[in-house]
Amino acid sequence: QETMKLGMVAELSGPGAPAGTNWRDGIKIAVEEINADGGILQNKVELIEYDTQTDPQVSRALVQKAIDEGAFAILGTIYSGSTMVNMLVAQQNSTPQFVGSEAPSIVEKGNPFVYRTSSGAQKGVPALTAYFTDTLKAKKVGVAWVNNEFGKGGRDVFVEEMKKAGIEVIADVASEQAQTDYAADVSKLKEANPEAVFVYMNQEESARFLIEAKKQALPMPLIGEVTLTEAKVIELAGAAAEGAIAHVGVTATATDVPGIGDFAKKFEETFKRKPTHDAIKGYVGAWTTKYVTELVGKADGEAFAEKMHGLCLKAADYPKILLDTCWDENGEMSRPSFMVQVKDGAPVVIGTVPAN
Amino acid sequence: MSAPVLSVRNIEKSFGGIQAVRGVSFDVHKGEILGLIGPNGSGKSTLFNCILGQLAPDAGEVHVTGRNVSKMRASDLNKLGVGRTFQQLSVFPKMTVLDNIILAGQEHHGTMLSRLFGPSDAGLTQQAEQLISFFRLTHLRDTLAGSLSYGQQKLVDAAMALMAGPSLVLLDEPAGGVNLTMLANLKERLVTYNAEHGTTFVVIEHNMEFVMSLCTRIIVLAEGHIIAEGKPEEIRANQTVIDAYLGG
Amino acid sequence: MKRWLRPLLLVLLLALAIIAPLGQGNYIVYTLTSWLIFSIAAMGLNLTLGYAGQISLAQASFMAIGAYTTALLTLAGWHWVLAMPLGLILCFAVGLLLGYPALRVKGHFLAFVTLAFNTLVFLILRNEEWLTGGSYGLVGMPRPDFGLFSTMKQLPFYYFTLGITVIASLVMWGIVRSPWGRAFKALRENPVRAESLGVDTRRITLLAFAIGSVYGGLAGALITPLVQFIEPGSFGVGHSLRILLMVVVGGAGYFFGPFLGAGVVIMLPEMLRFTAGYYLIIYSALVIVMLVFVPSGLIGIGGRLREKFRPRREVRADMREGARLQ
Amino acid sequence: MLELKDVHGGYGKITILNGVSFSVPKASITTVIGPNGAGKSTVFKAIFGLLNIQSGQILLDGKDVTRQKPRQMIAHGVTYVPQGRNVVPQLSVYHNLELGGITSPDQARVRERIEKVMDQFPMLREFRNRKAIELSGGQQKQLEVARALLLDPKLILIDEPSIGLSPNLVQEVFQTLMRLRDNGVTILMVEQNAKAALAMSDYGLVLELGQTRMHDRAETLLGDPRVGQLFLGGHVEGIA
Amino acid sequence: MSQLLQVLLSGLATGSIYALVAIGFTLVWQAAQTVNFAQGEFVMLPAFFVLVAMGYFGLPFLPALLVGLVLSVLVLGVLFKKLIAEPILPHGGITLIIATMALGIFLKESVKEFYSAEAQPFPSMFPNDPIDIFGAVVSLQDLFNLAISLGVVVLLTLFLNRTRTGRCMQATAQNPAVAEILGVDVKRMILYTFLINAALAALASFLITPVYLAKFSNGETLGLIAFIAAIVGGFNQIRGALVGGLLIGVLDNLTATYVTAQYRAALPLVLLIVIIMLRPQGLMGTSEGRSV
């Protein structure tokens, strides 16, 4: 029995560390399960970790290193800036790469070897539009976003979507990564007084924003994509998270989906904390690598790419994919998703959104 | 008679309430060795700093060979041939003695660009070594100037002021800490310069033997004013000066 | 050091640099290349900080200017050889500009001004999307092709960078051993005295910044084809601090300090990677330990060791001349 | 009182002192002379614990004090006024003076003494609230000398007090030192202003190349033609 | 109107936090003539001591705070001084600055590896009740922060300038050679400096973390902004840190609200550069005196 190497290249230190470590830990669980299940093509899987320090240049070097050291697939990175660089290397070496990044541009470069583990912003955000038009019947909205490539991507898609839906964006509030003081942001929104605010930030930023919003008693509903209702955000923001709404691709709170419940339980037992969205993404990425490699029948990058495009995996046949999932010819993914709201300090699924 | 080498007109300088220099004027002519003495804090060093552009005077003008240099920067003034030393030791501590002295001369040779492409010592090693050996520092040529003894640094300082071959030199306490034998050599050297090149000197000094035997004329400053002026023997006999400065 | 030892050592080092990447994986070659590039950037800062004593926390922003200029021009179809000099000229001009505050403020105030400048450059790169691609960065810059010699592959690109590093070092060597070098040091040690000796401290200060910046720009111009992707985040204040770290760890004010420093800052984490999550902890601890034991930088380590194992006593130099009073 | 026995020492690997031996009797003034770079200041540093002593012994009242720390030397009743400028730049003149008596348990007495020395050097009173750095060179030196008088030392090491002081103040300082000697304080002084210094001293010490060359009564040294020729400016050597 | 008031008040509240951290910079400068680039991490760490004391040892909040304070003083004060500051200080400021940069990485990464990479909530010492002032909202916590930084500035200024120990500390920083010759216990003065600094960092940590959340990377931005605040205020005056901190807090909020959010980090910097150019010694700083 041989071993097959999986290169996990992620943001284990630097600003991306929270996302990166969750991604890693999700993958760790997946690899453990895969090995218990006989590995990939009867080969044991060895996971090698590479820390990019959240630095794109380092990430590029590390993807190169992982491939030099014999990795047959790459898992990572999460920050779009890094992925944009290192996906070139994987492409040059015809190595399949599952990424956690959500920036639209990743799948627009015609790279056949890069695949998402969650929908990009250009799929996730439009899924929300219906909520603004039908449920809220909003005419004027605001957007508060973190000014990095992640936030900017989401914000651009949102503004575009609103225009299409005929909704006016009357407050467009950018904030810095790792910002701590949201007083100005919130007071600007308060002054503009839109009917709802789309909040697109990373975890702690979301929490700090929510806290300030509560302090200044911001009256309108706050709606986010993925992060805003994550367990971590609720833990950090406490009562201030109450009522926040988000569209979530796949959420650990959707425990009635059997695979998700199992994963969440196992994760909590192993790491003593709740899995985040990033953990699930890593988990799904690792399992997909197994499924697709076995579908192809050998570790071959070209064939893998061939197989991936237009592939749909049903949760019934491939339980660890968690939800029925498809990848299009660009590597973009689609699957059903949820609307979640924080009620009594816990996220509750308030609706499902079909795959788009 | 030609224009004085240095003409100081009505210089005033105060520091937040303290009037250090209160309207001082004097002329120095070519070939003179002028002594500037006065009690501690009478404004001598401040006057030097105003003359040489290290401090901006509140009022007054300075002329060097007839040219108004009041607003001129110290480096340009130096290029006009005005050299100086500071009262406080001011060698470049982490450079060798040789480098210290070459530096003092290099800016007077060639242009900025020619210095970049020319020889690394600007052709000054020999001249610098002569000065070094004159001040009995040959064995310290490649030592960092900061690890010299007080008196030795004082000598390097003086050598630096002389290196560029200036026509007017202002020395602030050149004798302090220098061994008497070496001081006699220094005096000899200043006199030789003065005689051979007509170099003009203005010297602040508290060592009366040195001042009285070196200078051709002396100005006494007290509380920012000139209180006396004259030949050394006149000053030595002047009762005001004795009371204010020399002591009984 | 004996007279023949130094050239011999240099030839040896160069030979080492030539054979080092042979037979290594792409990753090692890539890392060696970034070592050379950061050595260039650190060499520039070493001039500004180590020789001329002007604190600058903005070296990364000059890398950015060099990198973006080269990137935009090569993307527009220019050859690197034409794009790079333009970047350097721009860096020289901006470096002069940044030097102006240094004429007025010193020490930590200067540190602040340069730091603010770095932040400003970062924000412009991020916000002016029409030009710089904003936070998405620029991607797909070609590596220079010289007809017979194409640098597309990792190894040729390494030799290309090595060549440029050698040229840059020779030029730097020329500068620091010329009278300019002496004037830079004089500025560091005692600007008032230097001014009184005819050193035009204004001009020398500005030059210290401008030349140092050009080296930053050159490093940036090389990063562009190396990584083939640039984004504002790679040129933030943190990266300036990292270059500062290289200079001090190597030995500020010593010619070879930057090479050592860049080596440690870039290679050491690579070597420690086997320790998984702990490598940054170990790395930072090692840096601290090193500074405690050789505060003058790694370059001083040889002397320290010699001192330790072969302690020598020297008699005072004037003993030879003999006493005059017996 | 103070005795040095064959002291060797220096900076880093360079040995500057090559066997310095002498003794200083109690309640006397000894002036050290010698060319620039002879090692005069280095001897003071060696005594006060600021130098790396390679071999030899320093005895104070018969007790071995070799390699003791400056703070211990102060506790033994030794104070030191170094060459050059040595003030705390951003503190006021008064607070600089106060630091001179910082080790004394009796602060009331220190305050009294500060008033006394300010009588002696009126400039200090006038400028008591100014920052020390703002003073002129000579004013800073006065501050330093005054600061050394605030404790009741047994032994004062004073390195070229005359640098920068106007002639009347030099006389004032010398007289103060003589008064102190008459009260039983021992004084070891370096002076280039050697004729005046030797004239008020009991003993003289000639140092050259880090070795003691002569050690005798001050009058004897003043009268010695070799000393006069070599160190007191009696003769101008050929100019190189 | 109420928006302007809100922005000003919030700016002051944030500014007082910056001030509290900035004081550490000026203190270390005044007493050791160096810059502690790990200051931000010094403020990040104590909160984690408290979390460990509460989480792993089950202590209630107040005793845990006490444990946090003691540990901070030991680790950031005593250990820092003995292992890093003392050996490196004699070799000049810049070397120590670099060492503290490395220390910053060390602390940050250690917390991340041994505690958590994720942000943690942190309980507040003071009630977080909102108070309405003419339509603008501040929390009680904000008011306490402001009052405490004011108090610290006054106390420290008095200590440094009015007590003999304080002056000995200044003497040690400004001219250690002279201090030593005069019999000042130089090592002890340095120890005092770092002890006070550590205690201050712990205090700042306990006040800030409820708002900022406990996270290993908090020190980066905080340290940088506080450094800038200290400089702008004039490095050599404790009260400068307060003025600098408040100024930056207010400017930042005003810029973000009324001018540009994209460049909110830049505009205050540009203004501050202008200030520095006009007053090179900083807003509250005094000039260092004659140089010739």
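To keep things simple, chains are lettered A, B, C, D and E as they appear, and every chain counts its residues starting from 1.
We take it that a residue touches a chain if its C-beta (ideal position, glycine included) is under 8 Å from a C-beta of that chain, and two chains touch if they have at least 3 such contacts.
Not measured: the values here are computed from a predicted model.
Engineer: Which neighbours do chain A and chain C have in common?
Structural biologist: Both chain A and chain C are touched by E, going by the contact rule given at the top.
Engineer: With respect to inter-chain C-beta contacts, which pair, C-D or B-D, contains the greater number?
Structural biologist: Higher C-beta contact count between the two pairs: B-D.
Engineer: Which chain has its C-alpha centroid at the greatest distance from the C-alpha centroid of chain B?
Structural biologist: Most distant chain from chain B: A.
Engineer: Specify the chain most distant from chain D by Cα centroid.
Structural biologist: A
Engineer: Which whole number of Å gives the spacing of the CA centres of chain B and chain E?
Structural biologist: About 47 Å separates the centre of chain B from that of chain E.
Engineer: Using Cα averages as centroids, what's the distance between chain D and chain E in whole Å?
Structural biologist: That pair's centroid distance is 43 Å.
Engineer: How many angstrom lie between the centres of chain A and chain B, each centre taken as the mean Cα position?
Structural biologist: So the centroids are 74 Å from each other.
Engineer: Report, in whole Å, the distance between the mean C-alpha point of chain B and the mean C-alpha point of chain C.
Structural biologist: Measuring from centre to centre gives 40 Å for this pair.
Engineer: For chain B, jot down the residues that touch at least 2 other chains.
Structural biologist: Within chain B, residues 45, 54, 86, 140 contact more than one other chain.
Engineer: What positions in chain E touch 2 or more of the other chains?
Structural biologist: 109, 220, 262, 265, 292
Engineer: I need the residues of chain A touching at least two other chains; which ones are they?
Structural biologist: 13, 147
Engineer: Would you mind giving me the full set of chain pairs in touch?
Structural biologist: Every pair of chains in contact is listed here: A-C, A-E, B-C, B-D, B-E, C-D, C-E, D-E.
Engineer: So in the complex, which bits of chain B are touching chain E?
Structural biologist: Residues of chain B touching chain E: 45, 49, 54-55, 86.
Engineer: Where on chain E is chain C touching in the complex?
Structural biologist: Against chain C, chain E makes touches at 29, 35, 37, 83-84, 87-88, 91-92, 94-95, 98-99, 101-103, 105-106, 109-110, 113, 220, 224, 227-228, 231-232, 235, 262-263, 265-266, 269-270, 272-273, 276-277, 280, 282, 291-292.
Engineer: Show me the residue ranges of chain E that touch chain D in the complex, using the header's touch definition.
Structural biologist: It comes out as residues 164, 167-168, 170-171, 174-175, 177-185, 236, 288-290.
Engineer: How about chain D: which of its residues touch chain E in the complex?
Structural biologist: Going by the criterion above, the answer is residues 48, 50, 70-71, 74-75, 80, 82, 86-91, 95, 98-100, 102-103, 107, 131, 133-134, 147.
Engineer: Can you list the chain D residues touching chain C in their complex?
Structural biologist: 10, 13-16, 18, 37, 54, 206, 208-211, 213-214, 226-227, 230-231
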